[in-house]
């Protein structure tokens, strides 16, 4: 430090002891405890609902009790008279300025994107749609005033069933009809594949509707100073939201700042441009006061977009030895009442994943999006890929059963061998790397596969009322969304990049700014590890800023397991640019050529001499700027935008053993083993946590969760008392391990892990349930595999399908 | 969600509480509030006044009174399940109480509150019914004993009259030779029982001398499976128990709801009764 | 409006409250104790769990008037002298939180269950946490953390 | 949530006499537990209904009217609908009654009731409203049976409470008729302590047949064209005026459609 040529300020900094010594590599791959935790563990949180503003008022929305109705009258006058009430509005009051909630994914030529007013004006199309709002000094007054709003409805027929909806003469959700879009993808000669096929498996599976249920309910706070607007929202996508809100409300983008403060989970449910976000902005514009909305859980179950909800007709043609000839998939996908941000795209995300890890000669995918009078569906953890993986992995088990071979053997005969990568699949994707054999072998060993099979045989022989079932899921998924070059080829402009920047502070501390927007994933920790290794600065000297469009000005946010694969790499590249700048400065200060310098352990060293400059010294030198070379700016700060060439393809093998009580139908998970290959790992602790949570959500789809509407369109699972989320007491410990086949598509070799567990686990569990009961003639149990459904399957009646 | 407005009276005495309830049919007692608060928050309940009996002296605690155990209405679930007296003299109550909701709810929720709520899916009504408990109602006019068989009138309705408050419950001691089990069947740990079976069995010389069976969520009130009780008398523990339990659903009218259809509940009642009897009888 | 006296994280407050005011809203909106979040309206999720006179309670299902005279400890009041409670440290060490929304309630429930069983089995832990929902972790690391926290709390007792 | 119930019973009065009572709204309305009649004009009457089950209370305000009154066949239909007095939910009901002369100067009465509930009370899996509806209709039928039978006793009208509250509604056991026999499958509200008396739970969640919807112009609809146009249309849909300038940005956002390239390629 003594060499620092510094002024007074510089001396103070230098003497402050703040400037750390550089460190070597070794952060990547280390099980660092998270930087995020301390705040969250001590209650120093910034959930949107925690935020207060001077003069803040609370809005509540009155929601339609009718699934489908014409609004004939809304009278808010009585509500306005109540104490503490500032204003009350109906949809008509916003009709001229509220625009339409956007759908950013027109997936086909024939798509119909109906007008979607944030607050219903003339017609409601699902239970929960906002029809009026009340703004009051606090939420208690607002809740009271909501009761004084009068709404008259003229009921219209609910449209609940997708098959019925497509039947000619069905009541219509929208004037244009109930078909949102249809699309077909064909590759290879499907007819030939099925013609004279020795084995054809033909199944229909129901992907039930799910409620994402992030633990933090949504909340929005909007404020304005009359000129600029700030919106805090519990969102995954502050950047996308900012543009979309500017477009929707007419507030110029440069006067709108969007902040995602602490966000309590999303799982896709906060990948949305919501009615409440738009309306809070309009309200603050109209009232000139900060307006907050805090969702209640029962409100959220009605109005946070739902997930899944598909009917999957899948047919597989195979040779007598089990080798797959071809695959045909026909989907009906329930859109709900409107197309929201990526609603129609969700089933299409699975379009190229039904063929999964298997080789085949022909593939056909057809999908019809259907309007119903329900809450719109949209992204939920995995979005399209869990559905596809479920169908193919279920059918692979059926194929094995048909042939009388072990389900793993059926997969071995068809999967892409590790020496065949990179491999271009029938659906046109190129898988860069993978080793299905290795993951499967490891999983079988951890699981004790042969021993469990022996126990299963024994229980079958003994006629034990508690039968053992073993379920297999050898999955892959497509993540790291998405390569802009390929989007450009399809004439869709940019879209898949991510931004990262690095600010070198005078004291040698580092601010990393990322365009990703974490809400539990631990980006602050992982990005710190990446930057620490790249720059050679201590892990603790790095902070990561995110989730505020005024701080992280560019970004495409967090969803689709993209953050590390795209955003993490962008941070790495920004670090490289910092080093490029630092190298020039170091060469200047050390009076050598940049080529004579090698960067090691956070310092540039002149080859063959002891002279060196640490990155911190260089940051300080750039700050003082007393002695900069010609053409070098007084900063090392850099930014980078990374855009991959391809998706990444994590994979793995999940094995699940269940005990099925054939007398009651109760399913209990006996053991669960997951061996995932997510490429290189930045922080194994975080990766394991993502896998655990993902498995839990996938298991929950298999066994517990279902959003149920009655025939009139009332949601019967509006509270957590009826929408059953598993607690610690309902889940087992998961055994996890990894194999590591680096991705070839990015310099970190990473693949993404956010959705893997969810994608893999659902079919593993259901396969296990069916496997337990197959000797009794059961070949399917509809999800969730409730005790009643399992019991009925055993009884051979409704709820299960027997062969 | 936010409760609607109501007045609040923290009763200084049971008499004051009874008066307040007698004066206003829309007044409502609050004990621990663990069933009531969610209803208030969802605005499914609009009491004019909440009469808080949570701090009244003498309503809380467990006492061994010779031939019976007295459980004060305001005794929390947590206190009940830990009570040495309950565990020794009427362990079935402790077993079932330990399955109510979750620990935090059990710290606040009360024994009397759960019974007065009269939810047929609640775990305790069937237990008190099976044990022939006597519910002690207090009003301005004094005390009234209500046998459990007459207490549960309908879905969420008890035979408490306006102005009456459940003050305590007497659980008769069954004496030596009895075994107990509460078999709760639910989809997740937090969920309501799809069906629950409370069983008490007296066994001697390898045979069942007497059995009591209470059913949870098999009708609009908790029910006794009298036919099973009759069929089990004198049955040797073993093969003969199962056929006797086939009568478990006799006379029930189980609800159809999101979580189960009536025929499945009937089936479960039989299976779970068999299991509960087996465990209560100490069968392997 | 009833006046209540309540001690929260060691500080005594006197507040006039509407009878219908929920304890959790008193904490969050009157007293600024936003460390305790709200996750549902049916007392299922447990995010709002606090210690009420030493035992865990769901503060969304308690009226403020019912807590009159009571002692409340929230996640904000757990640590002493600026350091975390052993259970908080254990959650950190075992990566038992992701988004962190359920964490305050989960930590409270964890501490509560150790009161009954200072050395709990996995099954005891899982059942002790049945009233607290987490959507991120799949509970595996939470169970580990509670075990670890139990050990550390036990050691603290022994060494103090 | 839709429910349908059927009740059949016989009353010991001639059909014309029963028919006359049935048309007397002021006497029939109170048979519905918790119902209060406010105004009665022509065929239409307005009133309130307080549904109370334990701590749960829902009060509806609404109106009902006679429809399809056929004195020859002794059939009538009452249609009613209401809104929660304090919430957003609604309830609607259709009661079809048919009187048939039976042996010995008695009358067979068939009542078919269907009703629909929306809003918070309908948003529960445990079937709160099913419980409520069942009980409500059972009591209505029982009280109606009592009322129709009572007419044979020439009880003065004043004996009927003008607005029976729930507590005052006689239970079937108290109804002075010989046999308000529940139809096969229907259940009487017997004392729960005698569950053996209860028959099969008669509850059907059937969607009501709905009239054909009238077609009317709804929201703006569009079909997509070229990708470029789509980008612009996205902005149009978003509905803001200053979009031309923003088009390139929004075009970029359309690229959220990250898999489209693939789909397009495969579609060819």
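Residue numbering begins at 1 within each chain, and the chains themselves are lettered A, B, C and D in the order written.
Criterion: a contact is a pair of C-beta atoms (placed from the backbone, for glycine too) under 8 Å apart; a residue touches a chain by one contact, two chains touch by 3 or more.
In this text the structure is predicted, and so the values were computed from the model without any measurement.
**Student:** Write down the pair of chains with the top C-beta contact pair count.
**Tutor:** A-D
**Student:** If you average the C-alpha positions per chain, which one ends up nearest the average over all of them?
**Tutor:** The most central chain here turns out to be A.
**Student:** Rounded to the nearest whole Å, what is the centre-to-centre distance of subunit A and subunit B, using the mean of the C-alpha atoms as each centre?
**Tutor:** 44
**Student:** Mind checking the centre-to-centre distance between subunit A and subunit C? Centres are C-alpha means, answer in whole Å.
**Tutor:** Those two chain centres are 29 Å apart.
**Student:** State, to the nearest whole Å, the distance from the C-alpha centre of subunit A to the C-alpha centre of subunit D.
**Tutor:** Whole-Å distance between the two chain centres: 41.
**Student:** Show the residues in subunit D shared as contacts by 2 or more other chains, in ascending order.
**Tutor:** If we look for residues of subunit D contacting two or more partner chains, we find 86-87, 120, 125-126.
**Student:** Quick check on subunit C: which residues sit in contact with 2+ other chains?
**Tutor:** 18, 20, 41-42, 44, 127, 130-132 - these are the residues of subunit C that touch more than one other chain.
**Student:** Mind pulling the subunit A residues that touch 2 or more other chains?
**Tutor:** Touching at least two other chains: 139-140, 147, 296, 298, 708, 716-717, 719, 721-722, 725, 727, 729-730.
**Student:** Under the stated touch criterion, can you name all the chain pairs that qualify?
**Tutor:** Applying the touch criterion to every chain pair yields A-B, A-C, A-D, B-C, B-D.
**Student:** With touch defined as at the start, can you tell me which subunit B residues reach subunit C in the complex?
**Tutor:** Interface residues on the subunit B side: 1-8, 10, 30, 33-34, 37-38, 40-42, 50, 52, 54, 78, 101-105, 107-108, 189-190.
**Student:** Which residues of subunit D touch subunit A once you look at their complex with the stated criterion?
**Tutor:** So the residues of subunit D touching subunit A come out as 1-2, 83, 86-90, 92, 116-120, 122-126, 205-208, 210-213, 215-228, 230-231, 233-235, 237-243, 246, 248-267.
**Student:** Given the complex with subunit A, which residues does subunit B contribute to the contact?
**Tutor:** 1-2, 4-5, 38, 42-43, 185, 187-192, 194, 258-261, 264, 267-268, 271-272
**Student:** Once bound in the complex, which stretches of subunit C touch subunit A?
**Tutor:** 18, 20-21, 25, 28-29, 33-42, 44-45, 47, 74-76, 78-79, 84, 88, 91-93, 95, 97-104, 107, 122, 125-127, 129-143
**Student:** Show which residues of subunit A lie in contact with subunit B when the two form their complex.
**Tutor:** Within the complex, subunit A touches subunit B at residues 139-140, 143-144, 147, 296, 298-299, 663-664, 666, 704, 708, 716-717, 719, 721-722, 724-727, 729-730, 786-788, 791-792.
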